[in-house]
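Order of writing sets the chain letters: A, B, C and D. Residues in each chain are counted from 1.
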Amino acid sequence: MGHFLLRRLFDAVPTVLLVLTLVFAAMRILPGDPALAALGDNALPEQLAAFREQFGLNQPLWRQYLDFLGGVLTFDLGRSLLHSRPVLEMLAHALPFTIELTIVATFIGVTIGVPLGVLAATRRNRLPDSGVRLFSLVGYAVPDFYLGALLLITFSLNLGLFPISGGGEGFWDRMYHVLLPAITLAFLKAAFIGKLTRTSLLEVFGKDYVRTARAKGAREGRVIYRHALRNALLPLTTGLGISLLATLSGSVAVELVFNRPGIGTLLIGAISERDYAVIQGGIIVFALLVVFVNLLIDLLYIAVDPRLRVQA
Amino acid sequence: MSAVTERLDLLAPEPSRLAIVRMVILNRPSTIAAVCLILVFVAIATAAPLIAPYDPLAQSYIKINQSPSWEHWLGTDQFGRDVLSRMIYGSRNSLIIGVLAPLVAAIIGTTLGVVAGFFGGIIDRVISRLVDLLISFPELLLAIIIAAALGGGFWNIVIVLAAAFVPNFARVARAQTMAVRAEPYVEAAVASGVTQLRIIMRHIIPNIAAPIVVLMTLWTASAIRLEASLSFLGLGTQAPQPSWGNIIRDGLNNLFGSPWPVIGAGLAITSVVLAFNLLGDTIRDVLDPETSP
Amino acid sequence: MTGPLLSVRDLRKVFNAQAGFGRPSAGVRAVDGISFDVEPGETLALVGESGCGKSTLGRLILQLIPASGGQVMFEGVDLVHLGTRPLREMRRRMQMVFQDPFGSLSPRRSVADIVAEPIDSFGLAPSRKARREMVADLLHQVGLPSSVMDRYPRQFSGGQRQRIGIARAIAAGPSFIVADEPVSALDVSVQAQVINLMQDLQESRGLTYLFIAHDLAVVRHIATRVAVMYLGRIVEIGPKARVYAAPHHPYTQALLSAAPNPDPDIPKRQIILTGDVPSPSNAPSGCAFHTRCPIAQARCRMEAPELRPVGGGHQAACHFATDHPIPVPS
Amino acid sequence: MTAAVEDRPLLRVDRLSVEFGGPAARLRVVDEVSFDIEAGETVGLVGESGSGKSITALSILRLVPEPPSHLAGGRVLLDGVDLTTLPRDQLPDIRGRDIAMIFQEPMSSLNPVQRIGDQVAEAILLHQKLDAASRRARVLDLLRLVGIPDPSRRIDAYPHQFSGGMRQRVMIAMALACNPRLLIADEPTTALDVTIQAQVLALLRDLKTEFGTAILLITHDLGVVAESCQRVVVMYAGRVVESGPVRAIFRNPSHPYTRALLQSIPRLDEERRRLHQIPGNVPPPGPLRAGCAFHTRCAERLLRCATDRPPMMQLGGGHQAACWLAGPMAQAPMAQAVTP
């Protein structure tokens, strides 16, 4: 058990390093001079020089790389050009909104998706099964921001049941604000998880040990929940990981539609305003979130699959 | 059913491939609908200049944010441009990117996958390491990072989307290659003195083609959706070029006035992506029966 | 060409299981120092249970997997230390028949292309027409109508696919064939057809077989000499009649007594070994069989016995292998 | 075998028929199969692949998924109770308690994510009112009984920590948990090495003598049948072609298929120049066929064999064969002649 965990932790370090290098390189190969692009064409030469000085752009690349890495380790991500606030502070403010959206969306998505999948698998080729398949087909196709816009139009604009924008203050108000965007993401996740549950269950139904369970006299209910679903958890865990990551990236667009002050809005805003430090910070946060989610899924995997926990 | 056919201790003679195709397509109305929709979509995209009522870029200050009318079936956007024409030209964008990006990704990804899977050793470890890293990133995030670096624009999006898909093709190709390489008929080829290159061409590629083609069809759907998302985020097709994504983006700030541009463009994306997903499932059932759920 | 067609000397193969994180593992000694000769026209059978390394040995001899040590002299040439180009030339003289009828034929290629693969690879067919004639003749030799040439493997039964595999194996006119459990996956009645075919081809084309199998009855029928393997080593080797009549190694005795005989009246002198076949990754010390051997002594744990002659070209690797078979504990 | 008290066998399979596929392509995989199993007896159900032996066995406990299969006729009487007409929700009461089953693939027949102790205890949990402690004790006894070393430590292990032979022993322990009167073993040793197979077959024999459990042994290996079974049922293309005491079948095979089969297997105990070859291939499952299923490959076929289906001819002593040539006036029993 420890061995597998240790290896996963040990793998995470180079991954983070590689990600940071990718981000560092990405920011440095922007077409044109970053200072010019940031300050605009009519910027005065000394302004450009001050900007380069501030961002150390005129130092040798490896020097910039070390400062960059040093900064990340000491949580000093530099200051935002436009809002002259430390990037870290802006990120810290925005992060909770993204996290809560992802968690609520995942919760709703899984609690709808898994039962739907079980329903479809156990009543194969009958109404619920084709219903779930249609639902997942649509779910796979609808772009998240489009669904968000539709829900926004009907529930917020026309019916006025939900706020039109903002993240809300205080627990209940934030929950009130997060619900509609979470439902948007949860709809797509339920479709994905539903289909995945259905396919993994159907695959498990074909396995020999399910037949053994029946031969022992277990009734269908026990066969499904005690044996089949328990084994379907393995592929489901991978599916959950993929869907968590998909929600993270989906949240960017949905935050824009619902005007939520999350990391997504921050990042997209920074990109359009060419605010380097914030872009860099935003991408780093997303990258670290991805690595964290992957680690989380590996831990879940150990809990679910004894073969990883216990050596032969 | 699979357990039962095994249990039959015997292989019933397999129906010819044509029979499967006919059976799968004919008795699935959804597939016929999907194929028709794709054909319509392709027709619109190719004949865009002929059927679009107005020039998609023509602005007019007097007709800003008009709701649908006989003159403008979907109304106009904040620059007075005809939304319907922009949608028609936008389909061109989606089609080309939707087909091009997965194609480019398939070629690069499959080559990497086959090389890693067939030769193994250090090449395999390096490629797999990179693929595992990139695959852990959702496509959209990867696309955003690269788009942020490269900026928008048609060819950049193709590169962005292709780069986002390459890891998936590489991983599928590698897994399939290793599976085929372990088959006795490849060992038989080695024993018959067939050179490695010819083994790849004659045995590996034909036997991994099916899952790759299925992946390409499914990725066409994702490419169209991702292009729309990127354009919506302002990282894809740059204004004033029309794309379904940025039509929705523009339409958002005129939701009060007329939600129709958003609803129209959204519907277009959803139906085309749905059609390609359906097509992908059907192709999988025909080409790769074992893996169909 | 006098002397053996094939002589294997101290052949080894170590599969290094993934060196664990930080702790290099010793690796799995799948083939642990094996030597034997095969005379032209002979059928040497390799018998043993799973994990004994018989399939690995077959692939090692044909250089389908690189050897970790030792020598494989084939027609006077050491294959282990041969360059790729000359080795490729030698492949024409030695071919392989596989166990899995469904995996040994590429699903996407026609029977003609499959059978003609060696012909194409060694450029033996001057023209397309000649190629088709050669394929037709080969199919005829294995009892299949030439009309099946353009069909695909999925349209054939297990037995028919094995015949196609055999046609491919003899296509380039080899002198030596490694048959890796060619009939294990077939039904009894189909098994007989393929065994008879292989014997007919041996007579008509003067083939030499290395026949790998786990079914002792099939081996008794087809082999001229038998080698019994356990955990990567040969524990007994000799002419079939002697090994079956008077097995000298306790493992061979256990194998022969365990194999069910289709005759209810034959008294079962059952030697039932206890425990499981140890895994090759941590093979027991000394004689690998000592953990399950009914007559194991202290010496067996310390010292691995070498093959020693017990008369008439018959050898056994056991400290207590005397010239008469070991008394079987009642 | 003395007749049972009320002359009623433990299990009677009477003209059982099973079909697959919809109305368009109806595959008759099991065609009017009949045989009896007396209490405490081992019956071998032998046949090549495609003979329908496994489907027959699975159909006794109706473990073949319906659809795509369905019972097309016949009865399965357990102590007079017809399992084919029993409502489906009452079947679980019989499965594992009166009739238990073990399967061919030890590697995939156990639940990979559940400890073996729980899997063996499950049948007890389902059929007997025992508290957890006594259930665990019972499982330890069972594991010891089937020869698993150090059961107290192994009870909490997972299937992937066991070898093929050990897993098959766990399967047997699981099947015998509620002391069933009949154990159906579907090719229990086919996937095992020959020395391990010997251990498992010996274990089955010992358990039978100790608990009097009847065994229906499904196999394609005639050696296993000769060694373990008292009576044999030979199947071909979904039908029973011959059945009877094991010595009668091996000494006096009265159906051409049984004879050909016995002559085409290489023998451990005797030299044979060339194996007898049954021409043609095992027929794929198809619709109901006229005449005798083996006639296309039978060297001794008569004209009528193609059209008239031979009834089961009684040859005395429970030995019967479905062949026009095997009538009461059958010729002298064919010795195990070496074929010319």
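As a working rule, a residue touches a chain if its C-beta (ideal position, glycine included) is under 8 Å from a C-beta of that chain, and two chains touch if they have at least 3 such contacts.
Which chain is which protein? Per UniProt: A, B = ABC transporter permease; C = ATP-binding cassette domain-containing protein; D = ABC transporter ATP-binding protein.
Predicted model only: the values in this text are computed from it and were never measured.
When each chain is reduced to the average of its Cα atoms, A sits farthest from subunit C. Two chain pairs, C-D and A-D, are compared here, and C-D has more C-beta pairs in contact (counted per touch definition above).
Between subunit C and subunit D the centroid-to-centroid distance comes to 32 Å (mean Cα coordinates, whole Å). Put simply, the C-alpha centre of subunit A (ABC transporter permease) and that of subunit C have 54 angstrom between them.
The centroid of the Cα atoms in subunit A (ABC transporter permease) and the matching centroid in subunit B (ABC transporter permease) are 21 Å apart.
Of all residues in subunit A (ABC transporter permease), those touching 2 or more other chains are 207-208, 211, listed in ascending order. Listed for subunit C are residues 157, each touching two or more other chains.
The set of subunit B (ABC transporter permease) residues that touch two or more partner chains comprises 1, 3, 11, 13. By the touch criterion given at the top, residues 48-49, 149, 163, 165-166, 193-199, 201-202, 220-227, 246-247, 250, 260-262, 264-269, 272, 274-278, 281-282 of subunit D touch subunit C in their complex.
Residues 59, 62, 64, 88-89, 91-92, 94-96, 98-100, 103-109, 114, 117-118, 121-122, 154-155, 157, 165, 168, 171-172 of subunit C are the ones that touch subunit B (ABC transporter permease) when the two sit in their complex. The residues of subunit D lying in touch with subunit A (ABC transporter permease) in their complex are 61, 63, 89, 92-97, 100-101, 103, 105, 108-114, 122-123, 126-127, 157-158, 160-161, 171, 174. If you check the complex, the residues on subunit B (ABC transporter permease) that touch subunit C are 11, 13-14, 183-185, 187-194, 198, 202-203, 206-207.
Listing the residues of subunit B (ABC transporter permease) that touch subunit A (ABC transporter permease) in their complex gives 1-3, 133, 136-141, 144-146, 148-151, 221, 225, 228-229, 232-235, 248, 251-252, 255-256, 259, 262-263, 265-266, 269-271, 273-274, 277-278, 293.
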